[in-house]
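As structure tokens, here come the structures.
One chain, chain A, links the two complexes that follow: it is found with chain B in the first and with chain C in the second.
And then the complex of A and B:
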């Protein structure tokens, strides 16, 4: 019978050993795996395909939770670049700051970062939800294709640049909209969605000046009559 | 890809084990490149003398010839020689370009640094290799910057290792991750003003660029802000002066750089894994530098 592991001290293992232990625990049906001393190590809890709850007590490095499908990951600390990259389903909650490319190419599930994130947050999202409690950096939401990104703080230059579809909500200041990103009217459904999504993280959506950003759809098809728009985008 | 790190005590009277901090921070950054590793360490400044770090032939007559060259320029003290690394202090009041030339007239030598407080130690290999070749872990100082290199252009050798001294400006050095695409234009412009370069590495031009700005009377803040517009390409860099450390990131935020600070110290690194080797407190929350953002910390 396989050993049921519920706690892993990262300082005693290689990254490969940690990830193999997490997957063994998940396969054995261990519902809750706690990891201590992650010390900002990269590529932790990658591609976990079961609904296991994985808690990191401390900061994680780059690519944490990437490609996961169903796991519930909690990071009590910061995370590095590309947290939750290509997440299929499940959730990742980071109780700290994030790096660049947080939630890149997310396809489903939910990524929550309590603090600020860096450039290109939610780049090329293809579904799912990315929620940032603080501010996001340059070119966040670039080439977004589906899904929802909620930013409680400020958005850096180029937010939503060249987005195809999907929706970005910004509660703070927008430094500059990206190419073909436009502001849309906020509906009652939008407010309900914000209240529900942020309420899940104990954030009161009522304290923000929400702006809804969507694609202007001028870049969907090339038109020589809109040369200036294309020149700006490229 | 390269790894950067920096450590600074905020209190102007505080000196501590910055050499050990650099070693600890550089060790996990070896994944970002082990072609070469180096540090610029800032000790207690001496107003009446300079400390030199010189690369020489490991064997032979070169160290004695360097000594003779220095002795002809001033009173030499604290002289030591480990492998190919020579360290000496000299009482000297002249031009540092002239002093550099005097040393480098000895064949097979290269001046790594001259400063009242700054000492650059660098070599090929990782942090442990450099420590073995030229020990720096025990260095006590006010602040330091460090670099692990994965060469994408120019040679893999000691001369092209970081940090780069902004020759002949005392106590100014840079570590850089990225690629300066308008390097040749920038270098020609600086050379036209009389500045000289020891290598063909683009990062060296950043050091001289900032030093030139400071010489013109710009503050470190002004120089950093100007660099974001004057430098093309991708970059995250740390510039270090006797007063502190400045950092800048390019307008596309393509190279990683984070920082964290508390009342006592400032920590800067390419990745948090380096910070956590010297500060495991969860109270210390690193933040990523934004696109085109600059910051500076002066003692």
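And then the complex of A and C:
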């Protein structure tokens, strides 16, 4: 008999117990699961495959919401590395700062971090959307394949390095573009997308100097005539 | 002056230079034309210290062998139970190594799965995710977690029987993979979320963790995602073997897959294959010693891979302490790689059956390392699966044959004492005595031998004195 749990005190349980309780609740159709005292514990709400709303009151550690498919996760606090790693669908909203590799390899859904994130944010994204209210560290968007990353603040060195496809928007200063990452013209559709995506988190997209970054596609296939581009990539 | 040696008009002898050999000259001129390093498939061209350099010393008067047709010799092994997951059960201590759908055709992946299931062993996915046909064909399927995460899907992870975090590959440790545009067909491109036809370069570092402490958390994430139900493997390209084994153990690995220098690849720079890594036999010895030092031998299981060619190599690997071996290239060859058919297609690529390593071109004449539909059709799945099954059975027979000859009723009871080294370097690497001696070419063995000699000399000296008195 499944147990319907709507509130879990993390301090009283092991990580496995917490995750299994979340998964049981989600499978049983419990609409809201509230977790207290997460105390920056790693690997919480990993691979939840059913739609439910999961709220953490406090900071979470690494891999929060990793590999989820359909859940809506809210973190009222900071989070560690790799939040929402390989998210399939659903959403994660962090009302604090994120660590490095936030939204790594996201395939679908939406990851929102209100504050800053570290290096390699949105690395190897394969779809979905990553929105950062603050700034991102170096090599963010590295080898991005598809999807959209929106950075309201500054971007560290190497943004969009070796990206295959996808789009990165940066509202602040870009320290240096990565290999084969180029700036493209911002269209009306781009501005509409920014307004819509940021509006969902009560951010006014109008106050930024948006730059749109895409792949220069020089690294798609080797050419000895593009040696300078390849020297950085190989 | 002899007339038998070709000379120039001025009398100087025509001879090839070692540094500027015809191969070196060709290499330089090829690179000058391409404007980059050269790539190819399969593996190293180097002759390495190898299992070939060991010989078994079966039972004679001092040991009793088992009868081949009457006395059982167990081959089964369970791996991955360290943390309570459902272990992988291998009816014979062989696994099919990770090879991607993309590098290999779907027919090849399906045939490998079918053969593995028939024999009672596991097979492994690769860089590009899980192919439905492969999952259906494989009773026990290990799901790789690679730096690229191409096609990675948590639903597939939960369908897998084990997860294997790939830190590196023996053929090219420290670097990512390559899949040249000719093989990135629309189907493969979609599976990997890539534009069709791109020269796909895989990253070498994982996107979501960096070092061994991080790896521990990644393992925890995978366990949480699978409710702790499946073993977690860590595959390492053999380099600083002892350190890496210890770090993998500490990070929580259930199984370590150590992939040596002779390991295979679908496409890699030649220079990496020939100039990186530690040979498989040496890596195995180091890995076993590290597990022993950690007191985790038999707790963390060890699978060795890289250039395992047959049951003889496998038996020697078990004798040195491996729990199982993993084969990739040998399984491909059993499928029909390098078979002397469609010879004109080999010739068109400038090669021939028996010497083809053009996996990277996507033009595989026998339908194994290609995504071309016409070429794929040349590999009949059932027949290919039969061949791999036959080869796997032959490997098992060979392992049993050597174990019985050495008086063992379980292939895992083979031990270093059952072998002798044929070369000084194999003796130095393995600690196994060189044939014709009773000591290994290792410092401690030398010290023992000197001590024994000195003791014998002293004893003889006393004895002589007594005679004189």
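Rule of thumb we're sticking to: the second predicted complex is superposed on the first by the 233 of 234 C-alpha atoms of A that agree within 3 Å, B and C clash if a C-alpha of one lies under 4 Å from a C-alpha of the other, contacts with A are read in each partner's own complex, and residues count from 1 in each chain.
The rule we apply is simple: a residue touches a chain if its C-beta (ideal position, glycine included) is under 8 Å from a C-beta of that chain, and two chains touch if they have at least 3 such contacts.
Treat the numbers as computed from the prediction; the structure is a model and nothing was measured.
J.: Does chain B (first) or chain C (second) touch A:42, or do both, or does neither?
T.: both
J.: So, A:137: does it touch chain B (first), chain C (second), both, or neither?
T.: first
J.: First (chain B), second (chain C), both or neither: which does A:19 touch?
T.: So A:19 only meets chain C here.
J.: Once chain A of both complexes is superposed, is A:124 in touch with chain B (first), chain C (second), both, or neither?
T.: The answer is second: A:124 touches chain C but not chain B.
J.: Can A:82 be said to touch chain B (first), chain C (second), both, or neither?
T.: Only chain C is touched by A:82; chain B is not.
J.: Between chain B and chain C, point out the one touching more chain A residues.
T.: With both complexes superposed on chain A, more residues of chain A are touched by C.
J.: Have a look at where A:116 lands relative to chain B and chain C in the superposition and call it first, second, both or neither.
T.: first
J.: Applying the touch criterion given at the start, work out whether A:145 contacts chain B, chain C, both or neither, answering first, second, both or neither.
T.: A:145: touches chain C, not chain B.
J.: For A:62, select first, second, both or neither according to whether it touches chain B, chain C, the two together, or no partner.
T.: The answer is both, since A:62 touches chain B and chain C.
J.: Answer with first, second, both or neither: which of chain B and chain C does A:231 touch in the superposed model?
T.: neither
J.: By the touch definition above, which chain A residues appear in both interfaces, chain B in one complex and chain C in the other?
T.: 42, 61-62, 81, 120
J.: Could you list, by residue number, the parts of chain B that touch chain A in their complex?
T.: Interface residues on chain B, with respect to chain A: 251-253, 256, 258, 271-273, 275-277, 280, 282, 285-288, 290-292.
J.: Where on chain A is chain B touching in the complex?
T.: 39-42, 58-59, 61-62, 76-78, 80-81, 96-97, 99-100, 115-120, 137-139, 156-157
J.: Taking the complex as given, what residues does chain A use to touch chain C?
T.: 15-16, 19-20, 42-43, 46-47, 49, 61-63, 66-69, 81-82, 85-86, 88, 101, 104-105, 107, 120, 123-124, 126-127, 142-143, 145-146, 162, 164-165, 219-222, 224-225, 227, 230, 233-234
J.: Quick one: which bits of chain C touch chain A in the complex? Just the residue numbers, please.
T.: My answer: residues 34-36, 148-149, 152-155, 157-158, 181, 192-195, 197-199, 201, 203, 207-209, 214, 217-218, 220-221, 223-228.
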